[in-house]
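Chain lettering (A, B, C and D) follows the sequence in which the chains are written, and residue indices restart at 1 in each chain.
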Amino acid sequence: MSYNTFGHVFRVTTWGESHGPALGATVDGCPPGIAITEEAIQHWLDKRKPGQSRHTTQRREADLVRILSGTFENRTTGTPIQLMIENTDQRSKDYGEIATTFRPGHADITYHQKYGLRDYRGGGRSSARETAARVAAGGLARAVLEALVPDLRIKGYMTRIGEHKIDRSRIDMAEIDRNPFWTPDAKSAQEWEGYLDEIRKSRDSVGAEIEVTATGVPQGLGAPVYAKLDTDLAAAMMSINAVKGVEIGEGMKAAQLRGTANADEIRMSSEGPVFSDNHSGGILGGISTGQPLLVRFAVKPTSSILTPRKTITETGEETEIVTKGRHDPCVGIRAVPVAEAMMACVLLDHFLLDRAQTGGQRGKIGSFSAE
Amino acid sequence: MSYNTFGHVFRVTTWGESHGPALGATVDGCPPGIAITEEAIQHWLDKRKPGQSRHTTQRREADLVRILSGTFENRTTGTPIQLMIENTDQRSKDYGEIATTFRPGHADITYHQKYGLRDYRGGGRSSARETAARVAAGGLARAVLEALVPDLRIKGYMTRIGEHKIDRSRIDMAEIDRNPFWTPDAKSAQEWEGYLDEIRKSRDSVGAEIEVTATGVPQGLGAPVYAKLDTDLAAAMMSINAVKGVEIGEGMKAAQLRGTANADEIRMSSEGPVFSDNHSGGILGGISTGQPLLVRFAVKPTSSILTPRKTITETGEETEIVTKGRHDPCVGIRAVPVAEAMMACVLLDHFLLDRAQTGGQRGKIGSFSAE
Amino acid sequence: MSYNTFGHVFRVTTWGESHGPALGATVDGCPPGIAITEEAIQHWLDKRKPGQSRHTTQRREADLVRILSGTFENRTTGTPIQLMIENTDQRSKDYGEIATTFRPGHADITYHQKYGLRDYRGGGRSSARETAARVAAGGLARAVLEALVPDLRIKGYMTRIGEHKIDRSRIDMAEIDRNPFWTPDAKSAQEWEGYLDEIRKSRDSVGAEIEVTATGVPQGLGAPVYAKLDTDLAAAMMSINAVKGVEIGEGMKAAQLRGTANADEIRMSSEGPVFSDNHSGGILGGISTGQPLLVRFAVKPTSSILTPRKTITETGEETEIVTKGRHDPCVGIRAVPVAEAMMACVLLDHFLLDRAQTGGQRGKIGSFSAE
Amino acid sequence: MSYNTFGHVFRVTTWGESHGPALGATVDGCPPGIAITEEAIQHWLDKRKPGQSRHTTQRREADLVRILSGTFENRTTGTPIQLMIENTDQRSKDYGEIATTFRPGHADITYHQKYGLRDYRGGGRSSARETAARVAAGGLARAVLEALVPDLRIKGYMTRIGEHKIDRSRIDMAEIDRNPFWTPDAKSAQEWEGYLDEIRKSRDSVGAEIEVTATGVPQGLGAPVYAKLDTDLAAAMMSINAVKGVEIGEGMKAAQLRGTANADEIRMSSEGPVFSDNHSGGILGGISTGQPLLVRFAVKPTSSILTPRKTITETGEETEIVTKGRHDPCVGIRAVPVAEAMMACVLLDHFLLDRAQTGGQRGKIGSFSAE
């Protein structure tokens, strides 16, 4: 019944609008005694920060996070942690026109219909700016995971932009942080530079596909049948602005497979059970197998474009709108760090959830148990 | 923090295992005064019931639902409604082998690792039999929706089985109930008969793609930013056994589109705002637009197949397994009524959720308001 | 947002009406691997069962509990546990009159006003019969606690019936199970026999005061500031039918004390910190100290009495009502096992909740830590 | 599973410590379109503000609230509302001693044991300063109630301080706002001035008893059987610092009554059903009757006193402590506005909760229905 809260035990409530005084995340249920600083969280916010390349919005936000509660002498105390980011570069004048006209593809019309009023400045609560709060919470989640599940690694990257998908034979995870698209395919990254310039010049925008992986995931995270790990990951990704599809492992392609091809057969190694493949994306029956998690999702093209679109006003008059302002031609790019943050929150939440019910103990297979 | 509960206000907790004495759904938060009978719910259970064609498991379950609480003289009273289905045809002998051996692609290994023990009979809690409880709860949700949102119509259908997808030019919604695949493409239905026979003969199984639509959806359902309608629909579908991907509207294909193509432009008609297209699948900013909802999901091929697969035992020995028993060659078929049920539960839940916050009032556009 | 669910992690949803086919408890979040049988739960139900002395209702219910799910070979599996009790001795004819007339002091009028209809047979959902489901869930909780917190002991007892309170100098905990009032004061028990006979003969009823204690409570259960242990205990007791007041430690008397008198001073013993007294009832800042928990609550006199009371009918006509049927002259007596069950559920829930957040680790004092 | 969240639909998460940079309340689920300003909320904060008479702490906090999100042009938008209060007068030097020594009667020892560390400055999260956030949220709740339930009036007042209780024959509600004790008995107020001075001079503190009433409460708020209105009110009051007992209507005294005396008989008036008395405190079966609500609770004496108390340090050494700093000799005084705020939050929450399930419709009695 929480409209703006995510998570079961590690509960993140984001708040704030694009052009209000501030936005942030109220995090309840954080384990105590975890080392945390504003700098550690800032690291992740800087990754998401707008204006870092010419391919993202030129809005200049410092996005400085402040920890207002829940820590003492740089350790979490077990009480709620308030992460606040003040809005500084708001330029509300850019947004005057949309006060009364609904931008197609945006939440303008649905917010108006549902609530009867809306903070139209920059999309208000529906702005992708809300995701800064997610990234802050994700930064905190990562710090906790580092202490409790030190082997865990989370990595997101782009695999497609519009018509262009990466060549999976060229994947080099080390490339991800070297290009503005967070893609593991260096050649694609080069090509996409020009492609995206062209999109922008044609006053258009384009969609994207992103993958998020996690390795070092403990076995046993997730639970039947509505707190499944894949269920919560799907919800987490779908809750990000502009996401229209979510896949685990084989994803939609699973519909095309046969059972003989899809089964990840199981063998025994000197380090415990191993799987012949990972069609499952690391999840069986909603519970992690210990294999790498693989989540994929699609982000629709930015709805704010400089090409005129037909629409109506609040008084019901037909008109055209050109969405000025400083918009990402491919909002999917900045979804990468957001998705990583959501993955971190979900995994920590399920780690704690599992600890509640099972105490973190694991059933044995041969001489191996996960913990 | 509810492992087995779905929904915010209309809360469904399913319980029960494949081979226990019974399974069911405990439904809390149902509005009072709604006409309901066991027969009305049975109608939907019969649709899902196994053994109806040669393409689904030959297990013979009457799947008779009993209402144990929460109604009086065939009306809901506002108190919890217990829907119980007794298991009758359990034949546990079929499942002896899997007591100690993990079936690849199943939850056997993850349940064992997480809980240290499991009810292995028929997959226990991870069995698709759990979905009977969902269908029962969905039947109840439909009855409530019929009273509160009489124009709402929910319909699910298959659009792909393995390599074969339907021809969308042949779609005829009236065909759906006339073939064992619940597909709107009669020609495909015919072809799939032979195709699925071949799959079964080759001791294999196959995946499927399903769409669920809803028309007559009120505007304003859903809420920013974690109780979005699409978020909850994605979670609902992903929680169904064997589902690996979920899409809203354009879904994964949105990654390939440009903004000019993807925008659903808005016009004004004599009946209120209308959209030029429905790329959004009826949801903007997580809130329903009033257009038809469109959700699509992929079901992986049944993991229980008669072809031997390599696996291990609980004691860590490598072995092979052939999953005997009575399994659906395409478990996706029976996912159709399950998905409809989940859609009904989600829509009712969000209808009530919206009523809590807004009282069901709607912002006006011109002279139109949704309510 | 759960109307009929209690608990955060160990979640108990009770369902069922006094005169429906059955009632029960759906328990989600139970730890796996715990030994449990129907007999173990029945033990506690038998304690609450009506008709055991002449001082409780003469309704004859076997109150046999069945475990329908969530266990396998007498161990919990981590999946939802359905505890069902069938209603057998329903005698609906007794209740004809109350179909249209509201009994003063009962939920008849409020259920009617809220829901527009009600299952009037025996009070329907508002009947104290609902507490049988709580006792069943409490029996399960006790079995889990026995495994996870073996030193914990929970004990409830009556300290007052109407004008008569016990003499605390005569308290002997061994007496509790030897008299029909579950009181630790044998002399009071004797006197109360005659007193309650007199009450019944005068066609009246009477209130009661009950205490529940727990010893061997781990330190660190509870959490600031709305999941405090005392908050949840107060909610648990207040949710029991007819309860009008709840106290922790000094309770209402704390209003009369001075700080010098109320402080439980702390010393150090060879076994860790000890307190000079227990005014706090074992809870400071919402978190258990490790001292005995002490909860006290008051149950109002049974509203169903044989003396005529003025009331109105559903059509608004004034009338008088005499509540026939088989009612406890002091419903407080049977509240004792119910309160013990609620205490067990709350303590288990907070044990799991604490395990989620802290992993059960404890801060040290000198060389002592609680765990 | 929310440690620091209160409410089902109107969800208030308070955050912040006594001596951190700020504290506040994150409010989710607020209805849209409600007129609200910082001034309107400040009004209630000023009532609770420390240092208003010589009987409360001399800490000087401006307690200025800022609305950081969720409103637009002074109306709520339906998105989360962040209410922040910056801490200004923190004087941490006062608190040095308690860094390593546990104050008896405080949460120092339990926080240390549970979390292994704590923000000891001013009690950190366990400080009564947290209640400022509740009062802010309560101010918002009142504004919403004013719009949705205009006849509702909430009023809290002191009925006892230590040995001195009010004379109920002298009650004059108009007196409440005229004395520093918020008591309706002017003569008591006068006497208490000297009494409390004496308490302070003797380096002691004292407890208090408070009542909160609500008139104009709609019928039908609350729900069986764990979301009862009295259950939630008991939890709300018990969650306030230092509260040790909660009563509804007759409260603990109900244990001493007979059924004939306790029944509130029902008659019919020209304005609907009326009750002969209000022993029930306005709640039957957990649901409001429409009569005035009556909640009473006891606050223990302030544990921080200037008289030395025996205690131990974190390293387990025995010592004595005198709690210096600026403490209220009777913390119960400032609990009055806090309890009013909690009552407002609970009533609004249940109003919305009821709207979700029943749509606010009411069963008729004769020609009357509540709505």
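By definition in this document, a contact is a pair of C-beta atoms (placed from the backbone, for glycine too) under 8 Å apart; a residue touches a chain by one contact, two chains touch by 3 or more.
Quick caveat, the model's predicted, so the values are computed rather than measured.
Counted as hops between touching chains, the shortest connection from subunit B to subunit D is 1.
Of all chains, A has its CA centroid at the greatest distance from the CA centroid of subunit C.
In terms of their C-alpha centroids, the spacing between subunit A and subunit D amounts to 39 Å. With centres taken as mean Cα positions, subunit B sits 26 Å from subunit A.
Taken residue by residue, subunit A touches two or more other chains at 1-5, 8-9, 14, 29, 32, 78-79, 111, 114-117, 125, 223-224, 353, 356-358, whereas all remaining positions touch fewer. Put simply, subunit D touches subunit B in their complex at residues 1, 9, 29-32, 78-79, 223-224, 352-353, 355-360.
Listed in rising order, the residues of subunit B touching subunit C in the complex are 1-5, 8-9, 11, 13-17, 20-24, 26, 28-29, 32-33, 66, 68-70, 72, 75, 77-82, 84, 114-119, 124-125.
The touching residues of subunit B, when paired with subunit A in their complex, are 1-6, 8-9, 14, 102, 104-107, 109-117, 125-126, 130, 160-163, 199, 204-209, 219-220, 222-228, 230-232, 234-235, 237-239, 244-268, 273, 276, 279-281, 283-290, 296, 298-305, 307, 309-312, 314-318, 332, 353-354, 356-358, 361-370.
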